[in-house]
Each structure stands twice: as C-alpha cells, then as structure tokens.
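Here come two complexes built around chain A, the first alongside chain B, the second alongside chain C.
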Partner chain A sequence: MESTAHAFKANVDHALADPNLQDSLAKLKVGFSERRRQAAERLPEFEALRDRARDIKNHTLAHLDFYLEEFERKVIGLGGHVHWAPTAADARRIIAELCQSVNARTVAKSKSMVAEEIALNEHLEALGIAPIETDLGEYIIQLRNEPPSHIIAPAVHLTKDQVADTFLKHHAKLGFDKRLTERNDLVAEARYVLRQKFLDADVGLTGANFLVAETGSSMLVTNEGNADLSNTLPRMHIVLASIEKVIPTLEDAAVLLRVLARSATGQESSAYTTLNTGPKKQEDLDGPEQYHVVLLDNGRSAVLGTEMQDILRCIRCGACMNHCPVYGAVGGHAYGWVYPGPMGAVLTPQLVGVEEASNLPNASTFCGRCESVCPVRIPLPKLMRHWREREFEKHLTPKAVRQGLAMWSFVARRPALYRRLTALANRMLALFGRADGRYRALPLASGWTRFRDFPAPQPGGTFHARWAKRKT
Partner chain B sequence: MSSSPAIPSIRPRRVALFVTCLVDLFRPSVGFAAVKLLEEAGCSVEVPPLQVCCGQPAYNTGDRATTRAIAAQVIDAFEGYDAVVAPSGSCGGMLSHHYPGLFDDDPAMKVRAENLAGRSYELISFLVDVLGVEKVAARYAGAVTYHDSCSGLRELGVREQPRDLLGSVQGLTLREMKTPEVCCGFGGTFCVKYPEISNAMVSEKSADIAATGADTLLAGDLGCLMNMAGKLQREGSAVRVRHVAEVLAGMGDLPAIGEPERG
Partner chain C sequence: MSDVMSGARAQILDGIRRSLRRGELSGEARQDVEARLASPPRGPAVARAQLAQPEKVALFCQWAETLNATVARVAAADVPGEVTAYLMRNNLAQNVAMAPSPLLEGYDWSSQKMLSIRRGRGEGSDQVSVTGAFAGIAETGTVVMASGPDHPVSLNLLPDTHVVVLRESDIVGGYEEVWVRLRSRYGKNLMPRTVNTITGPSRTGDIEQAMELGAHGPRRMHILVVRD
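Up next is the complex of A and B:
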C-alpha cells in the first residue's frame, strides 16, 4: 500500500471534517474500551497472563532464528513448503508464482494486514488474478477501493448507511437491488454473494495470528469463519505471515489467545480459532492439496537487538488504537499506511522510513493509555520517544521546533537568566491580561489561542520571586 | 505499574518543593498551597533556588543531550533533601520514572539519578501514601469533578488519593466524569504542534465535564488545567478551574485559572 504518512497533517484536517468518520469514531471509542475493561475484570488472572504473554514473546524474539527454523522443519515434515521473503517485493513475487503455478484466476483472501503491507492485491490484479476479500470489513473496503482504517476492524470508519449504499451500488448487478437498512440483512447479503466466490476460488490466502514452531501449524482467529472457507475449499492454501508471528508451543498459543481476544474485542475467545497443519492428508475428507507458508521479514529482523525490539511482541489486537485519544479523534486513515494508532506510530517509521512517517511518533501526548492496555506490555510511549530521538539526531525535527527548543534550553540551563526572563514574562502577561484574566489571542501562541483562551498569570510575580520575599 | 510505598516510621522532615515551571510562571498559589499542605503535615519545606524545569520539553522532543544537562542540574539542586515533591504528576513522574534511564552510560550519574528518583513524589500521593494524611481542614462550597492527569494516573498510580482527601473537604461534592482517565489533549508541546487534534481531544473533555453538572474542575497538573480552562472559557462555560492542591489547602476562594482578580 502506498504511504501517505508524510501528509499526516492534511490527512488529519480531512478526518476531522468528515462527519461520517466522526460518527463512527464516537461509537468505537466507547464500545471497544468498555468491552475490554469488562473482559479483563471477569478474569482475575488477566494481569498475570499479560506478564506471561510478554515473557513468551520476549523469549521467542531472543531465539527467533531457532523457532523459525524449527517451524520450517515441521512444515516440511508435514508435506508443506516454506518460502523466505526478505522484502515485500520477494513476497509478492513468491505468491504470484505460486498462483500462476496452478493457473489461478481468483484468490480467496481472509483479512491479512501483512498482505496490505506488501500491496498484494494490486500486484495480483496487475497479473490478471482477482483477489477476493472474504472478511466482511475487508470486502466492504475492497468494494469502495479504500485501505483499512483499523487492524482488526478494517471498515470501522464507515457508518451503516455508507455500507448500505456501497452494497446497493455493487450488488445491484447481481440482482440485489433493494437498499438494506438492517445490519443482519447486510451481513446476509454479503454472505450470499461471497459464498459462490469461495467455491470458485483456486487459491486461498490467509494471514496468521501465530505460527506454532512445535507443530508447524499456522493459527488464525476470526469471528466470521471466512478463513476456514479460504483455507479448506481451494486446492492451494498460502499462509502469509511476518517472522515475529512464530511462537514455541501450543501451550504458549493458549496464553496468547486468552489475552488477544479480550484485548481486541472483549470476547473470551474469538468465534473461530483455526489451526492449519500442513496439506490434506490421504485420510482427510477435504483440505488443500498444497500448503505454503510465506515468511516475510521486510525490515523486522533489523529491529532485533535494538531499543525498538519490544514492538515485535505486538500480537495485533488493536487495543492500543481503541484506547488512543489521537486515533479516536482522527481515525486510522490519517496515519497514512497499514498500521495506525500507537503500534503503527512505532512500526510504520521502521517499515516505510522515518523520513516518510516522521509525524506519527510525534502525534502523541504520551498519555500512556496504550501501554496500560497492551496485552504484551509494549512500552509504546517510550518507543515513540525513541523515534523522536532518532528524528532529532537526523535533523528531521521541524526547524521551528528545533530553534524554539534551542532558545528555551539556553535559558533553562542558566537559572539566574531564567529567573529574570520569567519574572519579566510574568509581569507583562499578568499586566496585559489583568482585565480579563486571559487572552483570546496571543502573538506566537496562535496554535493555542485559535481554539482556546490563554490564562494570564496571577498578578504579584513568579513563585520564586514571591518565595524570596516571604523568606526575608 | 504503580505501587504505594509503605508509610515509613520516620517521616521525611526536610522536603524540597519542585515548583514546576508552569506554577512558577502562571500560578504561584499552587506552590504556596503545596507548601501549606506539606507544612501542616509536619514537613519543613525548602525551595532550592537553582531549579528551573524538569526537562520534559527537550525529552519529549527527542533532544536527549539537553535533557541530560537539565536533569543533571535538577539532580544537583535537589541533593540532600529527604524528599522532593512536585504539585504535578507529569514533572514528578519525570524525576521518579525517567531520569535514571537518561544515564545508562554514566554509572556515577545513574546512581545519583536513581537516588533522586527514589525520593521524588507527586504532591497528593506524597501526602497520602508517605505522610499518611487522611483529611484536610478545608471548605469548598460546590460540586467538583476531578480529571486524572495522565502521568499521575498511569505512571504514579495517583487516583484515589486526591479523591480521598477531597472527600474530607466540607461542603464539597464530587461528580465523576464518564472518562476522567482520558487525556485532555494538552501533552506539552503537542497542543501547539498538533492544535487541531488537541482541540478535538479537549472539546470532548469539556463535553464530559459539562455533562457532570459540576461547577468546578480540579486536577493535579497545571498544564492540563490551563488547556481545559482555556477551552471551557472559549466555549463560554461557567465552570471554574483550579488545581486540587488549592482547594485542599483552603485556597479555593482565589480567582480561578483564567479569571481576573476581583475588586
């Protein structure tokens, strides 16, 4: 997917002026966080599970090469194939070649953010292979030719009315020419339209929530069951997953699943949890003849051993964005690429370059709500700050900010000078603000006074000046 | 994330006030309220003269070198006191949670930073958790709502302490917001770097405040308070905005933030 992260500020203006988006966000902010809170409260050991989940991921990352090779060995033993893709281009090429090897015309896809990351759909379409999104949210945004705005709820930016209009526009030619208004009717219509596409698909492509080294299984959770149709009906199943999805054992998966669903949607577990373990065996009644796993690096291994490594623990639950007041104000599209919210603000600069995504780690108040709900305890504010440090080192910080900071720092490191200047500022601001107690406009502070009044200081001098008087 | 330290058998007597740059410049009464509360709890309060700022503007802009220089200055200025107390969760958290990490490559400074971190506190949690204060002798006629500033709440575990003390203020009733724990959109330089997002956040906060019907908004951080006061006043709201320490110290009759002197 083409990044527009560099245009973050323009994206923000657009998002704030979109009433449908603001409507959807208002619902999201209350719904997700409330459900997660209740789910966490219902499970007394939830906090302890978060610690275990963090430890499992840390252990795996410390031995990532070992577990990936173990996973590969198991997959091969099952009769499957593993393909290593260092870059997005490699992954696109591998998947296209696999599709072409069976003369595929359509690919049934279940939701995969990694597929968005490598812009797989565009690539397949250019080769004359039609990708069909089978997750309801992904299907809706595919019809609308939009990118996802949330990693677990890709169409969360849309209202029900917008979905109704989209379906009418695209399904009328299939004979569905009545505009639907009920949520269940919309789902039923999508299910009917999609069912035939499952049956027709030559290749099924899924992502993976976890890759289990112990068994060579890929594990996927959904609430729609679409992944199960994507991976059992077609004759070839391709799993596309990034390298940090591997975990040691099924026992570990059980821990991670328990924190994943609760953090994501507040469910005890997702409706469908599917393990794919190799191709169809002789005694199996159904399943794919070919089973391929494409392991994507795309810059992740470069994060290992750095101060950013903690982001590789992420299990893509979306809790950080569900609780982020910045995401809640502007939605996912403003972030300009696949991964929005706090986890995106850390991951996107890594994957598309900090020059392109320099705004993302800065657009945070460091309120810490993301870290407080992260199921694997990623210190997201700290990682965003590390990006700001790298930007500062690379001179990417905006010039006005650097100059302002340099001036402030010159004064702040000279307490006597600081006292004189703050005494002066205090006196001037207090004097001119005396009548109203506040300013409606203030030179050099328009960013503030455009939207708020600026409180004038209390008259009578700075604290330090008054304290010095009190003592004598 | 947070832990309440056990109440020590010997109370810290010699307490240094970390005034914070915003209180120094805009609202000295918060500093005097802090001094009053600490003195009433039996502390002897000093204000080290060489203090300026905790360094967050540089820290949050990614300027580590400047942050370290300012942190070193703070560490020097606050050497030797039993406790360092700030009327701010954000500045208190900077000293107690972030300074040591600045000196990972300087063992001698790291020891000093850890020493300072171990005796640095946010004011209200210091009063309650360390000094064991359970009530104050203050009056405030009104219905107040309390905003949990982010660092205080999530870094330092300040949540019940201010509510407990407010519960002892005569005449005061507390009306909770739906989401008192959600950021007000201040975020230091964030509010001027991303004014539109900050405005969306503070607008939502002001709606939450208004819905409580409270006539007064309290919080423990002046930055957040100035942001919310500025928004409420721009919207024409009559809600008065004060620092929680002012009300607890019986100084709730001063003109509120952004209001002119009477008379």
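Up next is the complex of A and C:
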C-alpha cells in the first residue's frame, strides 16, 4: 500500500475528530490489554517464557542463513518449493506466476501483513485474479476498501454498526437485505457468504507465524479457522513469509506459542494452531497438490547486525499497540502504512525510509508500556530513539524543533541561567492560576492545549528550589 | 526461472552473512547449531503441564470446557451411544461424516440404528463430523489432529459440529510431549501434511474485540474423553 506516513500529523487530526474511531479505541483498554494482564497472571512461568522467547529469536537471527537453508532443504525433500524474494516486486511476480500456472481466477487469502506490505491484492487484481480476504476483519475492510488498522485485528477501528452498514451494502445483492444488529448474526452472515468462496478458490494463500527449520513446516495461528480452510481446500497452497519468521525447532515453537496468544488477545491458546508440511501425500484424502513457500527479505537482511536488529524478533502479537497511549488515541490508520503502533514506528522507517516515516518514531511519549508487555522484550523506546538520532543526523528534523533543541541545550548547559529561567517561567504560569492543577488553554501553546491540558506547576517553586530548601 | 531464483537466493543469503560479518557457518559454530537442531532444548517447564495422568485428564477437561468445548467422559462401550445422545440433545440430525480410522471402527456403531454414517473427507454440506484425535494437551484443553488417510483435515473444519473421540491415554501435559509422539510415529523430522491443534470451537474477536463463536470452522466442539 501507498504510505501516508509523511502525513502523520494530518492523519492524527482526522483520527482525533472521528467519533466512531474514538468509540472503538476506547474498547482497547478494557479489551485486549486487560485480558493480556489476566492471562499473564494465570501462568506463573510467563516471564521466564518471555526471556526464553527473546533468546530463541536472538539465536535464530544470529544463524539466520543456516536455518533458512535448513528449512529450504526440508521443504524440497517433502516435495514442496521454496522461492526467494529479495524485494516486494520479486514476491509479487513469483506469486502471480504461481497463480497463473494453475489458471487461478480466485485466491482465498488468510490474513497476512506481509501480503499488505508487498501490496499483493492490487497486483493480483490488475492481472485479473481476484484475492478474497477470508479473515473476518480483513474481509470487512476489503469490502470497505480500507487498509488494516491493527496487525491482529484489522477492523478494530470500526464499530458494530459500521460493519452492519457495510454488510447491508455489499450483501444485499446476495439476498441478505436485512440490516443486522447483533454481532453473532454478522459473523454468521460472513461465514455463509465466504464458505462458497473457499470451496471455489483455486489457490490458498496464507502467511506464517513461524517457519520451523527442523521439519520444513509453516505454522499458522488463527481463531477463525480461515487459514486452515485456505490451506486445505484449494489445490495450491502458497505461504508468504518474511525471512525472520524461521525458528529452529518444534520445542522453540512451544515456547513462542505460549507467549503469543496470551500477549495478543489474552487467550490461553488461539483456537487453531496448524503445522503444514509439504503438499498432500498420496494417501491423504484432502489437502493441496502443490505447496510453495515464498521467502521475502525486503530490507530485513540489512537490519541484521545493526542497532535496529532487535525489531526482527517481533512475532506480530500486537501487544505493543494495544498498550500504547498514542495508538490508543489515534488508531492504526494515522501511522499511514502497514504496521502501526510502536513496532510500526520502528519497522516502517526501515521499510519505507526514514524520510517518509520520520514522524512515527517521534509519536511516542517513551512511557515504556510497549517494552514492558513485548513477549520477546524488544526495547521499542530505545529503537525509536535510534530513529530520532538518525533523523537528526540526516537533518530531517523540522527547523523549529532543531532551534528549540539548540536553545534548550544552550540553557541546560548553564545551570545559573537555567534556574533563573525556570523560576521565571514558574511565576509566569502562576499568573494564569493553578486552581485545578491544569490549563485548558495557554497563550502560544494552543498546539498542545487543543487536544490535552497543560499541567500547572505545583506551588512552592521549581524542583531545584524545593530541593535546595529541603536540604537545608 | 531457476537462474533468477538461485541469484535471488544467493542475494538474500549473502546479504545476511554480510550483515552478520561472517561467511557461511562452518567448523565448531556450525556443529553447535547442528547439535541444537538434532536434540532440541526445551523451554522453561510449565508446572501445569507436569501432572500425573489422572490430573492431566481432569485439567484437559477443565480447560476444554472453559474454552467453550463440551466434554463427556465415557467408557469405550458407550462412545456410539453418547454420539447419538449428543445429536439428540442438540436437535441435530442423525447424520455424520466420519473419519475412516481404525480407532473409530473399533466401536460398535451398528448398535445405533438411527445413526447414518458417511465415511470420507468433509464436504461443504456436512453438519456433523466425528473424528479421532492424535493427542490431547492438558495445559490448554487442546486436541491435536494429524492428517492422513484415517483423518482428512476437512472434517476438522467444514462441519458445524465437530465430535472428537479422544482416549484418556492420549492426553499429554504440554506441546513438547506431542512433538515426542509425532517423532516416534512419523520418524524424526517427518510430519504428516497437516497437524491441527484445536482449542474449542472456531471464534473471532474481529468485531469490537468481543469473542463470537463459529467464524469459519465448527460452531460446536464436543469431546468424548474415553476411559482406558
């Protein structure tokens, strides 16, 4: 998809003024986040598992070439095929050629963020091949022609009523001309409409949560079962996965599975965890005749060995965005590309360029909640800070910010001046009153106070002044 | 295409090695990773996966029910009767698609005069399937299905109702014990085409983060835990 990350600030203005979005985002705090906390508390070993999950991914990244070759060897030995795609364009071409080789008219797709990253749907449509999103959230946003706003809940920005309107608009021609009001009725209608599409599809395309080098298996975690129908019914199964999805063994998968679902939705386990290994065997009664794995690099190999390497541990659970106050205020679309929230703020500049996406690593208060819930302990604030440094080095930081920082550093290096200025500012702010501890509006600060209050200084002078007073 | 492919392969692998500032793994470093692959280390032990067998069975049932499956604990002789009774309790027609497995053939289905059985893979129109299970996982109340001529994958997915017949002795503590069983059944590093581990009925949280059952797979899962 086309990035609008450069327009982050305009996107944010739009998001903050969207009442449906704000209603949907309000549910995040009591939804996924609270359930994650409860799930983590139910498993005493959860923190130890997170440490191990981090170590497994670090070990794999340090030997990534070895495990990819091992994975490839296993897949080929089973009669499957592995395709290497250095760029998004390579992956699009490979997948299109595979679809054309079986004269595919429709492709049943299971939610894949990597497919979003390479803009696969647009490419297939241009070739006359219809991609059908089968994950309920992806299906809803495909009907609405919108990008996903969350990596595990792509339609989390929508209310039930918006979904009802969307279904009425698109399903009326199929005979469903009653506007639904209950969630379970909406789910049932989508199930009915999509079932026939599964049965008719020529190709099933899925992502992968993990690729297991030991066995040559692709591992998929879903709640709906749509990925499983996609990899069982059509005669060709294509797995699209980025290179850092490989892990060594099934034992490693067990560790990662224990932290994945709990971190994502707070579930003990997702409903379906599936290992697919090669094509249908001769004696099998169902399954695809062809099994292809497309391994996408798209800039990831260049991240190895850099200060950003830790982001390659990411297992795409979405916990960082579920717990992010910025994501919680503006939603996923504001980030302007495929990956939102803290992990997106780190990954997007890597994949689309810091020039395009420099706003994203700045959209953080560094509160640290993302790092505190990350199942593989990615130091997300530190990585966002690295991007800010790179942005500054590349002179991409806006002039006003650079001048402000220059002034700040001038003052901060002169303690006497600093104390006099802060004392002055403190007295000035006091002129506006501090009755309820916050300002709804301040002269010259409307950029701040338009969306949130400015805290009033506590009575008793600056921190320095009070510290000095206490010591005597 | 193969030239292009091998060029792309080298490009990615060389890129990785350049970033890691080393060549292809060799010598001791390679032996270490090969050894890790050959005898995979387990992660931190999870206490609730390490119980004695009767407690494992009880924990399996508890989690399966918590996660929206229903469970009936029965003697082997009562399996066919429980299937028809379940269908009756839920006002379902006495028609099932059954996995052609030796395990299931071991039960006396002819005792159920009302029950009509079709053996084979799942069809889009199937209402109820009956399958065995390769294993059950106590830790999360999960059933494990291994594909093969005795267990088509489509039976796990297409019907509205999935009835699973699971022997108590096939219930293990955690995933690691399933891997041990898979390796001993299929050979080291070898797998059936598909291993489905399934925890309760199909569900989705995609509308307003509220879990709704019956997204694309079965809306109901009934597990018969069979006493040994």
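Everything below uses one rule, namely that the second predicted complex is superposed on the first by the 414 of 472 C-alpha atoms of A that agree within 3 Å, B and C clash if a C-alpha of one lies under 4 Å from a C-alpha of the other, contacts with A are read in each partner's own complex, and residues count from 1 in each chain.
As a convention for this text, a contact is a pair of C-beta atoms (placed from the backbone, for glycine too) under 8 Å apart; a residue touches a chain by one contact, two chains touch by 3 or more.
It should be emphasised that the depicted structure is a prediction, and the values quoted were computed from it without experimental measurement.
Once the two complexes are laid over each other on the shared chain, residue contacts for A:462 go to chain B alone; chain C is not touched. In the superposed model, A:229 makes contact with chain C only, not with chain B. Legend: residue contacts after superposition of the two complexes on their common chain; A:65 is shown touching chain C, with no touch to chain B. When the two structures are aligned on the shared chain, A:14 is found in touch with neither chain B nor chain C.
Greater residue coverage of chain A by touch, when chain B is weighed against chain C, goes to C. After overlaying the two complexes on the shared chain, residue contacts for A:391 are found with chain B alone; chain C is out of touch.
In the superposition on chain A, A:427 makes contact with neither chain B nor chain C.
When both complexes are aligned on chain A by C-alpha atoms, no chain A residue touches chain B in the first and chain C in the second. Residues 1, 5, 8-9, 11-13, 15-21, 24-25, 30, 33, 36-37, 40-47, 63, 66-67, 100, 120-122, 124, 140-142, 147-149, 152-154, 156-158, 174-176, 179, 182, 189-218 of chain C touch chain A in their complex.
Put simply, chain B touches chain A in their complex at residues 1, 19, 21, 23-29, 31-32, 47, 49-53, 55, 57-64, 66, 69-70, 73, 150-151, 154-155, 181-183, 185-202, 204, 226-227, 229-231, 233-234, 254-255, 257-261. Across the interface of their complex, chain B is touched by residues 9, 12-13, 16, 325-326, 329-330, 362-369, 371-372, 385, 387-393, 397, 401, 405, 408-409, 412-413, 415, 418, 422, 425-426, 434-438, 440, 445, 447-448, 450-464, 466-467 of chain A. In the complex of the two chains, the chain A residues touching chain C come out as 24, 27-28, 31-32, 43-45, 48-49, 52, 56, 59, 62-70, 74, 83-86, 90, 97, 134-137, 140, 153-156, 158-160, 163, 183-184, 186-188, 190-191, 194-196, 198-199, 213-215, 217, 223-226, 228-229, 231-233, 243, 248-255, 257-258, 265, 268-281, 283-287, 295, 297, 301-306.
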